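In what follows, structures are represented as structure tokens.
In the two complexes that follow, chain A is the common piece, with chain B as its partner first and chain C second.
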Partner chain A sequence: MISSYTFGIYPRSEELIEATRKNTENLNSLFQKETEEYISAQKNANLGFVSDPLLKWDDIFRPFSNLETATPTALNRIYEMNTFYRVLSFDGQTFTDDGNLVQSNLDLSLLPKNRAAAIPEPFTFAERHTSKGFKTKEDFTISLAKMLRVEIDSLVESGFELIQLLGPSIAYNNEVDFGLVSDALKIITDGLKAKTILHTHFGDVSKKIESLLDLPVSGLGFDITTTPASSIEKHSFSDKLLTVGIINSFNTAIEKSEECIKQVDEINAETKPKESYVSTNFDLEYVPKEFAMNKISVLGEIARGAKDV
Partner chain B sequence: MTITYEINPPKISADQNILNTLFERIESISTVCDGIHLTDSVLGIPRVSPLNIAKKIRETNQKIKLTCSLRVRDKELSTIEGIVKESVGIVDGILILMGDKSNTNNDKTNLVSSQVVTSLNDKGFGEKLELFLSIPATPNFTKIQKKINAKPKGFFTQVVSSKAMVQRMTDYLKPSGFRIIPCLLLPSEKNSKSAEFLKIDWSDYKNNFLEFAHQIHDLAGDILISSPNDFKGAHEILSKLAT
Partner chain C sequence: MSKLFPTQEIGSLKKPADMLKKVKNPNVSDEEKIEVRNNAALLNIKTLEDIGLDIIYDGEVRRVEMYEEPVRYVDGFEFAGRVRSWDNKYYNKARVVGPVSFRQNFHAEEFNFIKENSKREIKVPVTGAYTLADWSYDEHYKSKDELVLALARNVVRPLVKDLVRLGAKIIQIDEPAATTHPAEMDIFRESINESVKGIDAKFVVHACFSGNDYKALAPQMPEIKAEQYTLEFANRDTWNEGVDDNARKGFHVLKLFKEHGFEGEIGIGVSDVHVNEIESPELIRDRILYAAKALGDPTKIYVNPDCGLRTRTREVSFDKIRSIVKGAELAREEIK
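The block that comes next holds the complex of A and B.
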């Protein structure tokens, strides 16, 4: 048996979508009900770490729109998906933050002790938003990293044992300044008393794995629908945790657990990771709720069936 | 199992020479594809009615499958029903879509395409010709539920750029009996502006479009080839696909 988790935003049901459009009276109770359902599903599947489904988050950056210096601007497409995020425009050079932005948007009372939280990593954050106060992208990225560190410290204090750092821009962009990615991640992980796993999705990172392995994070997560397992298997993960994003959040087809277990075992046998995890390849929000529920269950089966490392 | 080629009718102001060229091209391309899809005033620029072009095609070609787009943005429901009624026996299917905003025509109604398909199905038009709706290349399945509930014959997609996009749609929608018609933009220098406008990354299949088209056809059973600025390139590819 190995460990497991999901990360990112979960899908709202059709009923909840309709309620948010019409701002119905039962909107809050619906949010609460569906959040509880998703958390129960993760617990029932015996996932190693349980995440808030982030149903109230319109996008992964949205809580940061509450920063005094951030102004929400236009909607932009999330890479090639038919979903959108609100671009934030940052004024000034300091981001006032008491470390409560993310936490106050999570339902801590429902989460068990083995809890995980997802946060965008600084390079992706800076690449997707704009700054008026910084002359260079580098300075903007580093400042965002400092702000995110305050958030993460606060989460760790509240018992989050695993921080999932979401870095789709590292995967999607052909040109990545790994020096900058590393400097920013160092600010986030230096002396942190929690595991940090950097997730790369929305692009093939086959040619970037060497650079990723040098980054100051506890582990790396891969979307194996875009980065072939054969590319990952060429590398040793003896110093890193390895998360195989085996559940495809892009497709409603339900994975066959036996086949997935075999594939995860093969990857682990080749890469010999320090610790092994299985997860979704990215946010489950791209499949309808009923499929998300089934996929959580299958993820648990895969984790239970895979050989320990 | 259909390979369809997309044709944009000329602007309303087009002279007879342009129309003659269009029909020559249609005659030529009809020999290498199974169907022709005629668009309706793409980008809201008024163009010759696709139904009129379809009628002209039918004068000489009864075999080719014909489908048309029908914008609902600038039409009343009664007008739409009239056009659909007139289309029976001429075209095989109609893609009902909202349509791009027009600078010249004001929106006449608040109709949405799924409502229109529901209404047309209720009136029995769905039994006389195939009614289609459009979906994005990476649809949010929960948010297209109204389109699914409208029970069209199938869905035309926006331009797709990967096999995974199509696999995703066929896995979800085909088991419910829907046809999926994935739209592929022919990668060529002449179409590069369109690709840029549509933000299409064709790097994955630019050098092996034929193989990509075969793969998508194998998955969906249908493909729609769009090549707005490169007829010659489209003809070459369709000829190869036909063999």
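The block that comes next holds the complex of A and C.
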């Protein structure tokens, strides 16, 4: 048996979608009910870490629109997906943050002790949004890292044991300044008393794995629908945790657990990671709720069936 | 068309509220619903004609939306549920669970009605194979290429063929997903070429802007069997009047099309469909004049909004179209 988790935003049910549109009286109770359902599903699947399904989040950056200097602006496509996020425009030169932006948007009372939280990593954050106040992209990225560290410290104080750092721009962009990525991640992870896993999705990182292995994070997560397992298998993960994003959040076809277990065992045998995890390849919100629920259950089966490293 | 700078719309308009109320009411009879839909179509046709558009349709008033409508009538699909577009806007996404095939001409009724009730040229919007595939879950085919080509050959081609049999002369293949995956442009090119194979009509391809400024599309354009592309330009252009490069930032890419050897027509988007502000006729005139110069042949320029106008109110949409028609008149006077 190995460990497991999901990350990011989960899908709303049809009933909840309608309620958000009509702003019905039972909207809050519906959010609460579905959050409980998703947390129960993760517990029932015996996932190693349990996450808030972020049902109130319109996109992964939206809580940061509450920063004093942030203004939500135009819609922008999430990489090559048919889903869009709001670009935030920052007009200050610093961020005033009390570390409660993410936490206040999570339902802590429902989460068990083995809790995980997802947050965008600074390079991706800076690359996807705009700043009028910072002179360079580097300054913007480093300042975002400092702000995110305050957020993460609060999460760790509240018992979060695993912080998932979402880095799709590192995967998607052809040109990545790994020096800047590393400097920003160092601000986030230095002395942190929690595991940090950098997830790379929405692009093939086959040619970037050496650079990724040098980054100051506890582990790396891969979307194996875009980065082939054969590319990951060429590297040793003896100093890193390895997460195989084996569940495809972009297709309704439900994975066959036996086939997935075999594939995870093969990857682990080749890479010999310090610790092994399985997860979704990205947010489950890209499939409707019924399919998301089934995929959580299969993820648990895969984790239970895979050989311990 | 002999006239310089012919004006046209792209497809969708916001549906009239009273029509929606009636068609969603289970107590309203089917006959009454047909009448309500016909009246709404007639209202759009006549309004667009009165404004002076040269090429029209009915605002896609009978269609649910551009993806769900065709999928309802194609074998091999099953709806999975709604998936987020943005915020609390969702679309109903389907799974491909078997071989896809054409069941019936699902645009026949609307086309026949428009043909009967319009005095202008008609351009029929049809959702393209690549977008249908890209916006669906595929649980049946081995690869995306296979699904796209199956949709092109077995769904879009028979649909278009039947529309042409009914009298359609201009078909617009709507492909909002076309440029969202730059690495898949070969599949896109083949999907259009397979969709139109052996059919005698004028083909227009509509592709939305997706961040790479059509740079991935440009090299493919001469190889795709389409006479015209209707594309978005206004949404990233400035609102300053003028025909210089600084004022017309949104239109620079036209030069790239020419460099790649494209010799066909461009339906230039001169009105941003994401904002309520109405572009002045003078601004539209300048956009047209710049585009004509950039492409090197004014007879190849058609004029339209960036995309379908269904996210704007009807009042804003018709005001934008009025301004487009006036702007085209000003541009014609200027070029005489």
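We adopt the following convention: the second predicted complex is superposed on the first by the 309 of 309 C-alpha atoms of A that agree within 3 Å, B and C clash if a C-alpha of one lies under 4 Å from a C-alpha of the other, contacts with A are read in each partner's own complex, and residues count from 1 in each chain.
Convention: a contact is a pair of C-beta atoms (placed from the backbone, for glycine too) under 8 Å apart; a residue touches a chain by one contact, two chains touch by 3 or more.
All values derive from a computational prediction rather than experimental measurement.
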Chain B and chain C placed together on chain A: clash or fit? clash
Check whether A:P288 is in contact with chain B, with chain C, with both or with neither, and answer first, second, both or neither.
both
Checklist entry - Between chain B (first) and chain C (second), which, if any, makes contact with A:S276: first, second, both or neither? => result neither
Task = Kindly classify A:D58 by the partners it touches after superposition: chain B alone (first), chain C alone (second), both, or neither?
result = second
### Task
For A:N251, select first, second, both or neither according to whether it touches chain B, chain C, the two together, or no partner.
both
Touching A:P11, do we find chain B (first), chain C (second), both, or neither? both
- Query: Is A:T141 contacted by the first partner chain B, the second partner chain C, both or neither?
  - Reply: neither
Larger residue footprint on chain A, choosing between chain B and chain C, goes to C
Could you say whether A:F84 touches chain B, chain C, both of them, or neither, answering first, second, both or neither? second
Overlap of the chain B and chain C interfaces on chain A comprises residues 11-12, 14, 17, 77, 80, 82-83, 250-253, 285-289
In the complex, chain A touches chain C at residues 11-12, 14, 17, 20-21, 58-59, 74-77, 80, 82-86, 250-253, 285-291
Touching chain A in the complex, chain B uses residues 136-143, 145, 161, 164, 167-168, 171-172, 199, 201
As the complex stands, chain C meets chain A at residues 80-88, 90-91, 93, 95, 134-135, 137-139, 177, 180-181, 210-211, 274
Per the touch rule, the chain A residues reaching chain B in their complex are 11-14, 17, 77, 80-83, 225, 250-253, 285-289
